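In what follows, chain A forms one complex with chain B and a second complex with chain C.
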Partner chain A sequence: MKVYLSVFKIRFSAVIQYRAAALAGIATQFAWGFLEIFAFRTIYSGNESGFPMPFSQLSSYIWLQQAFLALFMTWFYDRDILDAISSGNISYELSRPLDLYGRWFFQTAANRVARALLRCAPILVVAFFLPGPFRLSLPENGVQALGFLVSLALGLGVVVAFGMLIYTLTFYTLSSTGLWAVFAMLADFMSGSVIPLPFFPSGIRKIAELLPFASMQNLPLRIYVGNIAGSDMLIGLVLQCFWLLSLVIFGRLIMRRALTKVTVHGG
Partner chain B sequence: MIEVSNLTKSFRVSTREAGFKNAVRALIKRKYEYIQALSGISFRIADGEMVGYIGPNGAGKSTTIKIMCGILTPDSGECEICGRIPWKERTRHVRDIGVVFGQRSQLWWDVPVIDSFELLRDIYKVEHSAYRKTLDELTQLLNLNRLLKTPTRNLSLGQRMRCEIAASLIHSPKVLFLDEPTIGLDAVSKIAVREFIKERNRNSGTTVILTTHDMQDIEALTERILLIGRGRILLDGNMRELKQRFSRHKKIAVAYAGSLSSDMLSNCDGITVREEKMGRALIVLDSNLLTVSEVIEMLSKTVDIKDISVEGVTAEEMVVELYKAYRI
Partner chain C sequence: MKLYGKFFLINLQSQMQYKVSFFLTIAGQFLASISTFLSLLFIFSRFPEIKGFTLNQVLLCFAVVQMAFSFAECFARGFDRFPSMISNGEFDRVMVRPRSAIFQIMAYKMEFARLGRFFQSLCMLIYAMIACGVFWSLSKLAVLFLMIICGSIIITGLFLVYAGLTFFTVEGLEFMNILTDGGREFGRYPFSVYGKEVLKFLTYVVPLALYQYYPLMYLLGKSDKILYGFLPPIGTLFILPCFAFWRFGLHRYKSTGS
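Moving on, here comes the complex of A and B:
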């Protein structure tokens, strides 16, 4: 395990070299956050009672989503890994006494956590001090807060395990942009990153909530704002564990298969 | 101990004719070709040996190295290194080996070199005291002192290569594979790298397998060479024997005063005059037909020799001859 911690550490320190990128990210997330909140404000302005989430919960949802975007964006992959596969640099990674799946898993997780930590603080702080219904409020109680933290970690795991499938597919297709586009759009929408899942029509919502995508940002954010609580929260967490395990097992299987067939490119 | 027998490996490559029309056609129907990269390679390398693995581009050198490192699985054949089959027990096997791919980098681009080293220390689970010792040794021999705290992206190629080699030795491997370790390096760095490899082989008994196109590397480092071409081992021999075999031809460079009657020289069997102008000439002689002293005697009779040098074939020329002889 210590070795994965080391992989985590080196990826982390590589990411935090880039301060300008972090600043640009913060600015973008602020812009997006305000944009979304204003758009929803317009929709809500007629009659607030007809919506599945009170507006104040929605504001918190959006700010958290923007603050932790780097943890959950499905269209983000570790460039180093994709390049290693298509350029053949993977030769080096395969000549190490290390499980490649574990290594890449922790490397991607570190990449996301480092980005999120660099960007979240200013967004969270400012969002706390915004006026009235636009602000980010604290969770109602300790249970929700704890549930949020656990679910946040599990959600990150699900996102990374899902990304691992894309890495593995890159062994077969080489250019991963096409796959990205398809999976990223699908996953992004179904994870509630464009429109939160409670706003989906109920039939589609019921199916969407069972899919692995709902175990990404949907659950932790809704637990935080208090939209999911009690036994629903427990069920959600169990489902998250289930998806995390399934994706990891499946990912390991196909990676083992890919590695026996691997061709290393470029001399 | 490395034992390789009858390794074969082929790759599937998609091919198409040139041009836009064919590009469109390839969308619907792909044509594949099978390229036989290795067709039955066998050799044996003892512990502590230093072997040069040479051959033209595309001969199968890197493929063999990758199989020996456990990265590729061969189609058939056997390979055993330190009692293990690389591709079957990859993680256990790679603890014993170190690899340098001259064309790739194993160091993290954005962070100081020392961070990459520490990651490798953790990956190979090297004891802290052993790590300190190895690092001190490597730092001293490869002169890394000022490089360790610099991010990889700020290093020159020569500096980086020294760090790459050090990185491959942090876990003190028994076998070291060097795939073109001196590619693109300047003379000073090349010599530093060669010296280091030699020293490592001599003092730590590390088995070294070196592929390169730089014949000076081979000349400076290895006694034994393996020549591979079209997926087969064509020659497995000793550097000195090979040189003798190919050293029939000697080059004599001469500076003289007076006029050299090149006709006389050219008519003599075993002599060819390559160049001749302004009091300098380059003469190639076949030592089966004439001795060096005979030629010098002949020269001194006609002209006043001011300077003369005799050279055997260089390793470079020898390899060209070898490639020609084996038609690869």
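Moving on, here comes the complex of A and C:
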């Protein structure tokens, strides 16, 4: 565990270096968040009754989404890892006395956490002081807040474990951007990042909520805003644990299979 | 031009090396824009119209934006790689070659995978053209054509600014994304949906609305100002300050030395 912690630390401090990039990123995300909210406001003003969640909840959802973007974006990938696979540097990685799955898992997680930490605070603070319906509100009670934190961590795990599956698939296809694009977009949409899951037509929504993608950003954000509470929250958390475990076990299995067959291209 | 054709072929060949990945990327791009398409479908299944626009009308708008972007991206995406060209010193090599820098950057990287987006928007455009209930007179077809072509020129201007900024910052600046990628993502709705201030900004500062919102109003018969049909070519004037900015940056360029 200590080893993984230091992998985490090394990555973390590397990412923390890019503060200017983070500032530019924060500005972008503000603009992005505002435009999303403006569009939803127009939709809302025409059809208040048909809106599937209170507008204030939606605003909070969007600001949290922007603040924790780095934790949950499915289309973010670790260039180092992909390069290691296609350039053959993987052989160094393999000769290290460290479990590859664990190492990459924590490396990716650290990357995401560091990026998110750099960005989330300013976004959260400013969004909190915005006027009226546009602002980010606090969770209703302690239970929701606690549920949010637990679900946030689990959700990060699910996103990383899902990413690990795609790293592994790279062993077979070498150049992975294509695969990545297909899976990332699918996961992105089904996790409620383009539009929140409550906006899905009800039939599709029921299925979508059972898929592993719903365990990514959908659950923590909706717990925070109070859209999911009580027993639904517990069921959601259990489902999240289930998907995290299955993805990790499955990921380890196929990685072991891929590694037995790995051919390192020279150079 | 002949040289550009040659670069074109080389790029195509090199990207065809990883065939599975190439086609998957195309498929990915196809699906990527499908996710925005689905979001429109889902939203409109709940709400019949948004600010007076129906699903089919919004699809027409979205298809035009997508088309304009895929054209611009396919040919000018080299600018996207520009920050790394600067930081690894490759741009120094570009400077000593006897061709213009813009030409070399455009030829440096072409992303054919963007064709996926193009095909998807083509399907959507054809569908929306039939379904949106517009009678396609010759003049309206001409306006539609202008929207796409002039749109991609305006977007190329944005890419130029993006690259020009790198002369000063070395790093790529993420906030340009709100105009480039954001212009595409948010272009799915006519820009008036985002409120008056946004529309004003996109009319007078960064003229994305000139190829999207105004001519669309003309096409859909929501406005009979013929002037609106001529706004896209006027919008392309935007590329002049962009180009000037690029030149300005180029003159100030200092190599990073690596």
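Everything below uses one rule, namely that the second predicted complex is superposed on the first by the 265 of 267 C-alpha atoms of A that agree within 3 Å, B and C clash if a C-alpha of one lies under 4 Å from a C-alpha of the other, contacts with A are read in each partner's own complex, and residues count from 1 in each chain.
By definition in this document, contacts are C-beta pairs under 8 Å (C-beta built on N, C-alpha and C of every residue); 3 or more make two chains touch, one makes a residue touch a chain.
Worth saying up front: this structure is predicted, and the values here are computed from it rather than measured.
Participant: Taking chain A as the common reference for superposition, should the pair chain B and chain C be classed as clashing or as fitting?
Facilitator: Pair status: fit.
Participant: Of the partners chain B and chain C, which touch A:Thr42 in the superposed model: first, second, both, neither?
Facilitator: The answer is second: A:Thr42 touches chain C but not chain B.
Participant: Is A:Ala14 touching the first partner chain B, the second partner chain C, both, or neither of them?
Facilitator: First partner only.
Participant: In the superposed arrangement, does chain B or chain C reach more residues of chain A?
Facilitator: Looking at chain A, the partner in contact with more of its residues is C.
Participant: After superposition on the shared chain, which partner residues are touched by A:Leu253: those of chain B (first), chain C (second), both, or neither?
Facilitator: In the superposed model, A:Leu253 contacts neither chain B nor chain C.
Participant: Can A:Phe200 be said to touch chain B (first), chain C (second), both, or neither?
Facilitator: After superposition on chain A, A:Phe200 lies in contact with chain C alone.
Participant: If we overlay the two complexes on their shared chain A, which of chain B and chain C does A:Thr28 touch? Say first, second, both or neither.
Facilitator: second
Participant: With the C-alpha centre of chain A at the apex, what angle separates the C-alpha centres of chain B and chain C, reported to the nearest 10°?
Facilitator: It works out to roughly 90 degrees.
Participant: According to the stated criteria, A:Lys2 is in contact with first (chain B), second (chain C), both, or neither; which is it?
Facilitator: A:Lys2 sits against chain B, while chain C stays out of touch.
Participant: Output check: A:Leu98 vs chain B and chain C. Expected answer is one of first, second, both, neither. What do you get?
Facilitator: First partner only.
Participant: Can you give the closest approach of chain B to chain C, taken over C-alpha atoms and in whole Å, for the superposition?
Facilitator: Minimum C-alpha separation, chain B to chain C: 6 Å.
Participant: In the complex, go through chain B and note every residue touching chain A.
Facilitator: Contact set of chain B toward chain A: 11, 62, 66, 69-73, 90-92, 94-95, 97, 99, 101, 103-106, 108-111, 115-116, 118-119, 122-125, 151.
Participant: Which residues, counting only chain A, touch chain B once they are in their complex?
Facilitator: Per the stated touch rule, the residues are 2-3, 6-7, 9-10, 13-14, 17, 87-89, 91-92, 94-99, 260, 262-264, 266-267.
Participant: Can you list the residues on chain A that touch chain C in the complex?
Facilitator: 18, 20-21, 24-25, 27-28, 31-32, 35, 38-39, 41-43, 46-47, 50, 52, 173-182, 184-186, 188-189, 194-195, 199-201, 204
Participant: Please name which positions on chain C make contact with chain A in the complex.
Facilitator: Residues of chain C touching chain A: 18, 20-29, 31-32, 34-36, 38-39, 42-43, 45-51, 113, 169, 171, 173-175, 177-178, 182, 186, 189, 193-195, 198.
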